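Naming follows writing order (A, B, C, D, E and F), and every chain is counted from residue 1.
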């Protein structure tokens, strides 16, 4: 049994609800999920400045959660681009997995080539960054639907046609065998999109929960050598 | 709850027992694990010819398991190098994860740089192959302890000093923050090595079980577009 | 003078005849070519399971040939994707060259960028794999004509239009300066396609024969250090 | 003539003085340099959490500076790892250059291979990140002297021996032809280290000033398409 | 103050005038620019043979300039593809920057992804070469307008439509955020193209002048270790 | 039967004799080899300036040979670094293969990892350049013996110990399975080095001859699309 905190880096609590629902749908029976919405932070994460504010919000939530007793066994960062992930890994005692890295490694296990469909277009570089950290550029392309994140705070089904269009382009032009949904608020697109495309559609929050559960079950957490050594640790 | 078959590509049943133990240690409570030892196949997988025979053995076991009712919900391939993995993904209805890819994606979540310590030295290229498929060459180095796989059929503690030596070299020279054990029979090294090194030590079979559980929980299996389309599917 | 065995990994003897013809057209005067068709194996190699069976067939043919007196001086593996190549290199005394690696290195000598046109589409990953092993992803793209291999057992001229279409797309969109035919049964397309496109068209079996001749002439064969050490060699 | 703000992401004003001195030594005659020390932020940037706080500090300084009349013509981010750089580029009207990217592109112009000597060892991943964004991994290695940044607040000459040792190792083992100093407070090492090694030693703040001057002179600033579109810009 | 020689590798003096004008527009007030046109060399650099002749012309001009008193403080090589650059770096005492490498590093500072629009199409490989040396293939694509260089000896405005067309394609298909003009004679396109596209347009000669000024200001020149050791230096 | 010209880019005729001997040892019975020594050019190719002069010398020899009747069927460029290769491919009617690219593709066929041992150390970048063009950086490392090329004009056996030392280091530290001799004058080291090391030792001129023979036999020459279109061809 594990207690996992799902951190939404933005202050929009309806999106926290969405991501917790996405997480719950894929969680193991014994897993207890808690959504965390920061009190201060960006309303959505679209710009690089939003990422700075979102990272601070993530870190504040990690610190708050770690101060609880008991602290969570692990964390999911529920924002495409994995805002604040490195700092979160450094600070939390348990493992932390970002939805972007989770979606990518999940796709790599079930498809030879795959495509991220993110939104809005200005965030392409955030996807590129995680793809490059993982080295998956030879298997993954990034596409965008140019809609604002705020528009999915209440649900994303109105974007189905646009995601279908980009996904079909990915299948035809990129030889994509799976689609990654590139935004945290899109969980309700998974079902209709799978039905439409006939190939796997990956939602990163659900993917991340499974990875945190797996790490906890293996007794693994972030390495404390070099990169993620605890703050204040000797040089 | 999921039923996961752990396929040992070689015919050495003591190694099947070892990998099932490794898997069990990390499995979710509701997971039912079944080890499968092929009746025909190589005694160990060390050579490229062993990989050919091992892949056929894996495929035969997949076919046998798929013919059972119910078939397993997913599979782990318990051989470093992920012998027969592509064919297994193609043939099984449920998801299939290799211990090498599992160990690598797990390491990527908890460490910036990491090192595989495999054995024997002649198998370096098998590790290189999986590292390259995943694109992790910029974060992962491969080292070897030059001992034969047959030597660990009854346990691997006698190799602790050699693994410590290579792991320390990895920490000092490669800036490794985690170690991946590069052979299926090494599960009993995990504890002593973690204690010795103070950094995460990743055992791929345990890692793979968690990933299969996560895929099953997400309702995901191998994409049937292109690469892993079922045998006999229309062109 | 060298005796070279051309191994067809599938059991379709008309395809063996085709590849031997392709090889003969490019062989040196003193070269003696022998086609080898396995008695057991897949009818064609299209799926990952076919590759497993094909690799076993290749290995069996290598073993049979090596037992002859004299054994061949070298081998060509005549299947796109180079099924069973690593094991064949390990087992044969003389050099072994796959048609895919042969086509790629040949293209790299006469063109800056080039494109593989393979078939059927589900085999894209097999081409990708060899491209990546050789590191040529920055210069080579892979396209597909979505036809089954069985359809070319009696000749491939009926596919000319489709290959012309993909090749023109490659010239315009990929800036391809040469085309690699991505299947073993396409030798009769070389002439018409060269005439149509005005750029080099590379047939891998012909390319491989030349490389084996060159290796034999240099007194070179597969290295026995590490990766391709003989089966049963000390660790 | 250009007015360039040099932003120190940490609150240690002695380090701001150091980096402004470094910048001044390489600035064009007409350039007016202003150091900016944030009122809130980390004392030094060593951890991932420091980077989150440092990025917020950088952004706050950018906003303050942009509100001045006239705003600076361009900015230098004076922290190895380029904390907050993407957000700064997004927010500032004029160009922004990080000292790490500056050092790397400068090295690429005067040396075939080169090595970063950073500090402390836990920050290796920050250097790796910028090297990878620029794609220079085939020419650049990262080494570390394991000393804390706080120790160089008053000068860095006491570390000369350690930097010489790592630099010599870089010349011998990495075939390094130039050394990049991987921390903002090391400007006083440049002279002694050049004298000792006989190869170029690159200080990133000095390098960044020159690049900002060049961008301003060309009338170039950050592109507003996609990645760095202004905050609040239409989707 | 620095004296910078702008070397045109071809013998067309009207192009030397163009590149010196481009350089002057971006030079610092104290910079003295001298254009140098070789007496022997190719009329334009379009073919690989032109590059051989152009490299010799560059080297001859470097030798002539170095023999002057005082020799220039630094050099710009004003030909896309950076003809003769390695030899020029080796031979000149001061720093030497090619317009292609300059344009690429400049683009990397102000845009996430960018596209070179070069000419004619046969020179694609020359751009690819520099992109690959710098490792920027993940961020930069190369396109071509298929016009001969000789056609721009008297100005390039007649090509505006073709450059607009390729640039728009780059913005839409490559997600390009900046455009690099891939030929030395195109400086008069910068203004109209920026106006048309609304994104940065980078001219490499202007970019190179700024980089040489920056290197001179830092007291940096080409490393004399290994690759660019002076001719005749001890082995 | 094919007539192949072996072009030595330098004016040292004893080295031409050496490379022709190397070529002859591996040539097919019907091949007629002609060594060509330029009348003008560098005495050896060690510096970047030497490469400029050597490329011009190569081109002059190609032009001279193409003017003969009959012209050669193909060419080998016998200088490590493949001086002048692109221009030679452009100008010659028949195929042209450089000894460096030949050695590398040959090594890729018989070894998983391999190491170039070049000389002198200042030429490391020339090897790196060809390795990178071919994309083999993940399998090939470059080492150097720091001796001048002039020293091997009369034979290279005096360097055996140094080549053995670097080769052993390559086997132990780089896991090299084959060694490439990185200079044109080292053919007499092949035998002793093979005997000493027990792994393949590859001499690039011998390798190149075989590749030219293979290309000629396949009726293939350099593509005339884009990069190697004939000089003077329409844009």
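Operating definition for what follows: contacts are C-beta pairs under 8 Å (C-beta built on N, C-alpha and C of every residue); 3 or more make two chains touch, one makes a residue touch a chain.
Keep in mind it's a predicted model, so treat the numbers as computed, not measured.
Student: Of the pairs B-F and D-E, which shows more C-beta pairs in contact?
Tutor: If we tally the C-beta pairs in contact for B-F and D-E, the bigger total goes to D-E.
Student: Which chain maximises the distance between its CA centroid and that of chain D?
Tutor: Comparing chain centres, C lies farthest from chain D.
Student: So what's the Cα centroid distance for chain E and chain F, whole Å?
Tutor: The answer is 30 Å.
Student: Can you compute the centre-to-centre distance for chain B and chain D, using the mean CA position of each chain? Integer Å is fine.
Tutor: Here the centre of chain D sits 42 Å away from the centre of chain B.
Student: Suppose each chain is reduced to the average of its Cα coordinates; what separation in Å results between chain C and chain D?
Tutor: Distance between chain centres, rounded to whole Å: 51 Å.
Student: Specify, in ascending order, the residues of chain A that touch 2 or more different other chains.
Tutor: 89, 112-113, 121, 124-125, 132, 137-138, 175, 226-228
Student: Tell me the shape of the graph of touching chains, choosing from line, ring, star, complete and other.
Tutor: Chain contacts: none of line, ring, star or complete; other.
Student: Please give all chain pairs that are in touch with each other.
Tutor: A-B, A-C, A-D, A-E, B-C, B-D, B-F, C-E, C-F, D-E, D-F, E-F
Student: Contact residues on chain B for chain C in the complex?
Tutor: Chain B reaches chain C through residues 46-53, 55-56, 59, 84, 86-87, 89-91, 120-122, 124-125, 129, 132-133, 146-148, 226-229, 231, 233, 235.
Student: Quick check on the complex: what are the chain B residues that touch chain D?
Tutor: Against chain D, chain B makes touches at 112-113, 138, 175.
Student: In their complex, what parts of chain F are in touch with chain C?
Tutor: 1, 25-30, 89, 95, 97, 101, 105-106, 108-113, 134-139, 171, 175-178, 198-200, 202-203, 206-207, 209-211, 213-215, 217-228
Student: Quick check: in the complex, which residue numbers of chain F touch chain D?
Tutor: Against chain D, the touching part of chain F is residues 121, 124-125, 128, 132, 137.
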